[in-house]
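Down below are the structures I want you to see.
Each of the next two complexes has chain A plus one other chain: chain B in the first, chain C in the second.
Here is the complex of A and B:
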């Protein structure tokens, strides 16, 4: 549950920062609209008002908002996946599928567990008759579905 | 964690296999359109994905295991309709269904003859070759299975799965040196496989402690075993199986250190000093007790271990504790 709250908190924070960013965009747009309105009232033919002449406060607003939103995104991402072999393998063994959730809390689609387990399970050589016998034994002994 | 149909079901517990095979009616019904050959229903149905056919294959295997022959045959029919009779993988699945259906040894012999017939036409059909080996093994003809495997590895020497199977076939016959050789070949093909390193360590330990083992090879096998377990831990942090093996081997070595100290072979990997072994033993004890403690407490991030393995580690530690207190008295 703590993880869910964290994700929601991150989302709210990024939305706030994003609104700051879009507010500076809005200021810039309003400013240029005002400029073009003045231009047309002055009966000038030029249709493109100069973008370089944005007031300093709008420029600062945009830069600060960009920095803040970048910082928020960097700080708000989930922990990165390990790239060292032994750390990654240890995470697989220690945490199982729980360690490989995506942002929606589902196990990642490309999660396969230990890829070398197949060398011990050897699906190409499966002895189906033995497996059937073992399964029948298990049912006879009153087997229950575990983990429910 | 519910088992997924996207992963091969060969290592699932019976309960999980049952759970999977109970999904059969839903999957078979919901994906009828994608599997259909008729153009009209194919157009209306959801698009066909690669995952669907993996699901079919795994469902087939689970249904065969739980004895749901009807669903298994339906899966097989759809796979054949999609990929045709001549596909090598489908041929192997067909053989598998027949093996599961067989009632007596005579029928199994017939299936074996069919496999031979297929291989006569195309002797590089790897899935069928593997089925033939598995059937021979299932019928108890271990030496035939081993020689068939050697033949397979002759023309396909990069098949790690086959090397691993060969190692297992040798192991159940007690032919430790051959088993270890085959497992080392598998390791050459998958050098980072931490579980195979641990498996090889277990094999070396079995070879060293087997009743009929030559006394001269004891130290060499134990040294190799120690090395393999240490490597598996190096490749995988907090690897329960690796630490368990390390603990077992160092315990045995420390018990007999007086006997071992005098012999040393040249050219081979020799045992480290007693001090190092003692430190390894302490490390293994510390790690094992940490894993047991945190895993039993169901701490977040420590729930991936197999319950039976944790139980075995707990038993190993408590046995040692009782033995130690008995000596003190």
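Here is the complex of A and C:
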């Protein structure tokens, strides 16, 4: 549950920072519009156009918002998986499906499970006589239950 | 470069390699367009824009290393003593080569970066 809350918190924080980001975009646009307006009015008196450098608060806001949004994107990536077979299979044995959760806390769709499950559940090892006896017991009990 | 014999002794999992490189690529292309927007807002031109892209994507990769790659290093450190001779910035648990991790997505995200960079430069400065 704590992990879920953390992810939701990340998303909310990213949303908030995205609004700051779009606000800095808007401020920069307004600033450049104002500068060009001043330039056109100043062009009547002087021929040199003023260099439109951005105010430092817009620059800081843009850079900080970029960093925080990219941090949110990094935290939203799915966990990586070990590529070496022995490390990967060891993780699989130790943790099971819980080791392969995605960022939403659900087991990945491409989770394959035990790579040797075909060997471990071989039909040749099934004790068919025992299963037949169990089935006969079940039928007998079921008949009694239905009879009662 | 590992030989065929070493791959026989220590096999790799193709699904995991694919998963990791897809995760890295998705992150790189998403953040590249985001950085393009920032560069357009800041009004960067020519070399400073490309330098901005380089710095910020390396920073993002470093963040990915800190939050995704470095925590997994404890997974195999207990089992193998060979981790001792590898460096501090070791990505061999999740990627085949450090080059693939640190520089693999730089060129892939560049096109999206330039696209949004020029778009937002034009939108803001026009």
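Assume the second predicted complex is superposed on the first by the 74 of 148 C-alpha atoms of A that agree within 3 Å, B and C clash if a C-alpha of one lies under 4 Å from a C-alpha of the other, contacts with A are read in each partner's own complex, and residues count from 1 in each chain.
Rule of thumb we're sticking to: a residue touches a chain if its C-beta (ideal position, glycine included) is under 8 Å from a C-beta of that chain, and two chains touch if they have at least 3 such contacts.
The model shown is predicted, which means the values in this text are computed figures rather than measured ones.
J.: Is A:85 touching anything from chain B or chain C once the two structures are fitted on A? First, second, both or neither.
T.: Both partners.
J.: Under the stated touch criterion, which partner chain does A:54 make contact with: chain B (first), chain C (second), both, or neither?
T.: The second partner, chain C, only.
J.: Is the number of chain A residues in contact higher for chain B or for chain C?
T.: Comparing touch counts on chain A for chain B and chain C gives B.
J.: Mind working out whether A:93 is in touch with chain B, chain C, both or neither, as first, second, both or neither?
T.: first
J.: First (chain B), second (chain C), both or neither: which does A:75 touch?
T.: Touch status of A:75: second partner only.
J.: Tell me which partner A:122 touches in the superposition: chain B (first), chain C (second), both or neither.
T.: A:122 sits against chain B, while chain C stays out of touch.
J.: According to the stated criteria, A:131 is in contact with first (chain B), second (chain C), both, or neither; which is it?
T.: Touch status of A:131: first partner only.
J.: Using the superposition described at the top, list the residues of chain A that contact chain B and also contact chain C.
T.: 85-87, 90-91, 112
J.: Residue numbers of chain B touching chain A in their complex, please.
T.: Residues 1-2, 4, 6-8, 10-11, 13-19, 61, 64-67, 92, 96, 99-100, 102, 127, 130, 133-134, 137-138, 160-162, 164-165, 168, 186, 190, 192-196, 199, 234-240, 300-305 of chain B touch chain A in their complex.
J.: Along chain A, where are the residues that touch chain B in the complex?
T.: The touching residues are 85-87, 89-99, 107, 109, 112-114, 116-132, 134-136, 138-139, 143-147.
J.: Note which residues of chain C are touching chain A in the complex, please.
T.: 10-13, 15-17, 19-20, 23, 26-27, 30-31, 34-35, 37-38, 41-43, 56, 59-60, 63-64, 67-69, 72, 75-76, 79, 93-96, 120, 123-125
J.: Can you name the residues of chain A that touch chain C in the complex?
T.: 21, 24-25, 28-29, 32, 52, 54, 58-59, 62-63, 66-67, 69-71, 73-75, 77-88, 90-91, 110, 112
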